[in-house]
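I've put the structures underneath this note.
Here subunit A shows up in two complexes: once beside subunit B, once beside subunit C.
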Partner chain A sequence: MFGFGRKGETGDWVDLKSQPVPEGRHLLEVDDLKMFFHTQDGVVKAVNGVSYTLDRGETLGVVGESGSGKSVTSLTIMGLIDMPPGRIEGGDVLYRGRSLLAMSEEEMEHIRGNDIAMIFQDPMTSLNPVYTIGRQLSEGMMLHLGYNRQQALQRSVELLRMVGIPNAEQRVKGYPHELSGGMRQRVMIAMALACDPDILIADEPTTALDVTIQAQIIELMQEMQEKNGNAIIMITHDLGVVADIADKIMVMYAGQPVEFGTADEIFYSPIHPYTWGLTRSIPDPIMDEKKPLTPIKGNPPSLVSTALGCAFAPRCPYATDRCRSERPPTHVTGTGHYARCHFAHDAAFVAANAPATSRTKGRPERVAEAVTRHAEGGEAS
Partner chain B sequence: MLRYIAKRVIQFIPVFLGVTLILFVMQNVVPGDPIKLIAGEKKLDPQTEINLRVSYHLIETDESGRPIYDEDGNTIDTPLWKRYVAYVSGLLHGDLGRSYQQNGKPVSSILGQKYPYTFRLAVVAIIIESIIGIAAGMVSAIRRYSAWDVGVTLVTSGMVAMPAFWFGMLQQLFWGIFLKNVTGGSFYLPISGAGGPHAEFEGWVYYLLPALTLAAVSTAYTARIMRSQLLEVLNQDYIRTARAKGLSRRAVIWRHALKNALIPVVTYIGMDFGGMLAGAILTETVFNWPGIGFETYRAISQRDWPIVMGSVTVIVIVVMIINLIVDISYAFLDPRIRFDGSKSE
Partner chain C sequence: MSDPRTPLLHVEHLCKEFPVESGIIASRMSSKKVHAVNDVSFDIYPGETFGLVGESGCGKSTTGRCIMRLIDPTSGLVEFEGRDVGKMGRRELKQLRRDMQFIFQDPYASLNPRMTIGEIVSEPLIIHRIMPNREERLAFVRELLDVVGLNPEHINRYPHEFSGGQRQRVGIARAFALRPKLIICDEPVSALDVSIQAQVLNLLTDLQREYGTAYLFIAHDLSVVQHISDHVAVMYLGSMMEYSDWKTLYDEPHHPYTQSLLSAVPVPDPDIQRSRRRIILRGDPPSPIDPPSGCLFHTRCPIARPHCSEEVPALDRVAPGHFCSCHFAEPDPIKDSSVKL
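What follows is the complex of A and B.
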């Protein structure tokens, strides 16, 4: 009953990350995943039909506003949602061809931290205040890699040095409260990477940090990815964060992916009105006259009473009666770029309404233009 | 750390002087002459009375201990402040004065005789409180909303609401009388006293009911604090981090949640231990427990002021020391707390 135990009973476990991805499979495949919460107020459809694939070395950006189901999706993949109240209502998650949803809790304990690791939003509260950093770093390695305390501590020092923490030998003996937020997030990254995972899920890793530190943390994650070849799922509400690092982007709204495509497709040829709204609300650092941002009017819908038609219809400036009454189909283009909109296939509609002020292919010229304008202005004064 | 302890010990002094001063003044403000109390119904001859007053330092004497008389041939009462100074300086020498009853026995030897009973009872009670309280709180939090949780919540609510003397009497009724009748006298527990060489039961049996009674209310509080703390800690982000590392639910609770949740519980138990060492007047009285609480109760009802003064003085010192130990133990449980402020930048 008072087991502090290592997982002796399942000693015959073979690390999935050491095995090849089966033919025709991806590293991670999420297929029409549905996670609903059964609460007293009704069924909350927090994740409603999310699909994507991910391969090693790739970065997927998951973008959406608060409550759009970004975090719940990844917590479902990790098996960290309490069930009940949560319940999987359909779909599957395949990791190297094996269903994570079908795995026992014990098997999932092997996956967590070892094959798939996670970094959380708030580094100030994500570390246990009463244990040393070294101890918290060691834990995963002792569990998954069979290190003893000495080896694990030694490796912890290396990891801390790797993520750029000065005085690593001293810091392993220190406590979380002795570090700043940025340093703690580095510790979190070191902890997540300790067992060399296949997939690193970062749930808004920079939201709680100030802007200069944000860039450092993103860079660090990229650097680590180049070194280890792991895949990254970057969850954020900030399109700017994923702009530079994501290969693929999934835009979520009300628990559903409304658009999915490569970063280029999402930024340069988006086809869903919600994505247009998001790109319109990115401030443009080049514009030198003050210009208000264009917000998306209205509030995100309640996930309990989902409307009959398109979830975005109440806030969509182009919504028709059809949008309000009929659920839009998923329109898939030849490249795998998809959107859930009745008009996504209508090239003329897209061309007429897609924002021109967002990042467009013409950006470099516009930058150059703005720079010369500034330079001329500078000379004149 | 040492500086902190020294500072706290220095802070003891004003608290100690304040408490003893208040008591000393109160004792002299309440009506009733101690010598008349000692005499009771008997009529004392004047010389004996003067001798008694001298022996309790109530009148002025010369160096050789003979009373000083004024022009009218009356004795001179020693002023209150002089007696207080004498009392405190006596304390520093371990002299707590003498009882007004019990043939004028020194207070220190009476308390020295009673205190071990109170101390042992407190230790047994605190063990019961820690084990049952923490375990019940943990079960309650981990199996939230289960039958266990509902049961623990109900029982603790009842126990918190029940006064110790009432709970004690109910136990006496049940274990001592009801069970004795039901089993025809073959099984029951002692309901009075602390045993002794000629007692009916082995010594430890006598601790059961008083300790259970003494621990009841605080066990309930401990369980409730433990439950709410553990629930709160289990919602913390670092618990999710630990789960994401691949630790099992059980390992997360034992390794990551427990230590954090215990910090306030240990504080409560520590403070409570201090309270118990101060003597449980109600419990000890109900069970005729020969401890300091019962003795204080007896002393108050018979106006045996030196005993009241002495036991309160001892209690103040013990409680202050326990509180200091509790405060110091924070630093070991919670690394964020440093007393000298030099270690955490």
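What follows is the complex of A and C.
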């Protein structure tokens, strides 16, 4: 809140954002991160070996069902997990070459909002109902950028205008309940972008919104990224949401990334049976006749259970005895596309079982043709 | 909407207004009202699925509740098998609810946490005194649990011991216990994970095929509605914007609102998603307390003209079985445009 007496003063803290990324490093590197919760019922392995890298201007889509650990991963990065019951059991998170896990709470306060900002699913509960929108927007700027109240309010108006809120001068004096869900999510985006962060983590930002509003918010996030060059981590359960904005996608299951690759690899040449299952579960948006869906059998596993083999084996239609007894290794392809499956390296198995995509089906043919043309044209020039 | 068959459910000019002011006197004095449902008409035929889609606050759930008379409509006619639901007395209503069941959105809130799932599923049988013999009833409940894909041995477990998808199966078993003719499914899969959603949709389709039950399927997710419905109506601010069979609606949407809804659904295919034409609507839906004049959609409509704010468009027939409420409606095959580069 206000009155910390730290206005305009950042002490001897060096703003990491202004530092160059060390040679050979990425903006954000998550390396084999493990976050377990120690509860009465046992150890909940919420995040169990997550690795990825992210650079400025990139968008990472994190896809998974509820309880797959996708939110806990980003909360861990932000240092927002209560410890205990949480405990980091291994791995590291490097931001511009500095370990976030090793930072003190005071240092993390400089990171949160300033370098890495986050927006949440429910814009009503993440805004404080008793403070004006302007005051909530100003808070971060006064803390991190050393603005006084006047400057911060002025900047708030600009930010609201930037995210497409009409009547911004009046709105800064208003309260969150006066806004619709979509407008509140715009305020959240404005707040997250206030200090021009390097990384914007969006945790299911459109799940609570209607489709037409969802389209607006995704468009806004893309616009803002083009303008500011920030990286985005988009957490969602909906493969469709990340289809046109993600550069890379990580599919999570039971606390583990089961597959990771570029958006093209995940959508057009997925190699993990869980990714296949997710794709098959979605009703085909362009269908000519009714066909039953192919759901994934069974229910998501409890994260407490310490099954020996692959976490997906109980629901996997291709599981063998080996899958049930032996943890699958990570199979990495030449392009960095990886999957945790005993059969991921088996091209014949993948070809025989992967779902047909619009590219393999040749439907819509015109798209495939055009893409080829585009690729050829791109190479020629 | 002409069809030689006799409809199971006939809804005509259904309207529901809610007073904005609370309190007996204030609510009667005030002229401010929320027009939740405004002149909605449709028929549902035995064994078919009728989909109602729209954004939150468009009146789709209120329509479902009015049909079952969980709330009384302000005006309009609801007929179930030719009988006027609005004129039914207590006894007839009880009989009606034997033939018409409800599946709710939230599998956590719609099951009593203090009852075992066996008690939950057998309650309708007890209320309607269908199987007075306890042994017989329990055997039937076990069979039902098996049909919906739950382990019959779990009959004495409590809802909290089940996952969301399993709880929704309990809700489905309860709805099917009386072998109803119509089930109103109010967002039955929107609280579930994608992989579980597909399981529940397949279960609903299988049960329909087996028992010939009709569904009124209320949802906001167009791809889910398209998948399960025979006919679909699109609602906006309490009114029906477009109505047709599922294929026509998705192949040749006439109404600009339907077109924009379809184009806003994210397609899990980057090639298609990047290349198709997108209509992104500006602004939020207006408040139903103070709806726009003329066409309700004109404030957000990409093709609105001055005339649209003056005259309310009628729900006109644009093709056999295809109705659209727009002054300037034109077919705009989103599908074709989706592959144009």
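Simple rule for what comes next: the second predicted complex is superposed on the first by the 348 of 381 C-alpha atoms of A that agree within 3 Å, B and C clash if a C-alpha of one lies under 4 Å from a C-alpha of the other, contacts with A are read in each partner's own complex, and residues count from 1 in each chain.
As a convention for this text, contacts are C-beta pairs under 8 Å (C-beta built on N, C-alpha and C of every residue); 3 or more make two chains touch, one makes a residue touch a chain.
Predicted model only: the values in this text are computed from it and were never measured.
For the composite obtained by superposing both complexes on subunit A, the positions of subunit B and subunit C are free of clash and fit together. In the superposed model, A:M183 makes contact with subunit C only, not with subunit B. In the superposed model, A:A215 lies in contact with subunit C only, and not with subunit B. Contact comparison for subunit A: of subunit B and subunit C, C touches the greater number of residues. When the two structures are aligned on the shared chain, A:G140 is found in touch with subunit B, with no touch to subunit C. Residue contacts after overlaying the shared chain place A:S66 against subunit C, while subunit B stays out of touching range. Of the two partner chains placed by superposition, only subunit B is touched by A:L127; subunit C is not.
The overlay of the two complexes leaves subunit B and subunit C separated by a minimum Cα distance of 9 Å. Across the two superposed structures, the residue set of subunit A contacted by subunit B and also by subunit C is empty. Of all the residues in subunit B, the ones that touch subunit A in their complex are 236-238, 240-251, 254-256, 259-260, 263, 333-336, 344-345.
Contact residues on subunit C toward subunit A in their complex (touch as defined above): 55-56, 163-166, 193-199, 201-202, 205, 220-224, 226-227, 247, 260-261, 263-275, 278, 280-282, 284-285, 335, 338-341.
Interface of subunit A with subunit C (complex): residues 65-66, 180, 182-183, 210-216, 218-219, 237-241, 243-244, 263-264, 267, 277-283, 285-288, 290, 292-297, 299-300, 357-359, 364, 366-368, 370-371. Partner subunit B is touched in their complex by these residues of subunit A: 2-5, 7, 78, 80, 105-106, 109-114, 117-118, 120, 122, 125-132, 139-140, 143-144, 175, 177-178, 188, 191.
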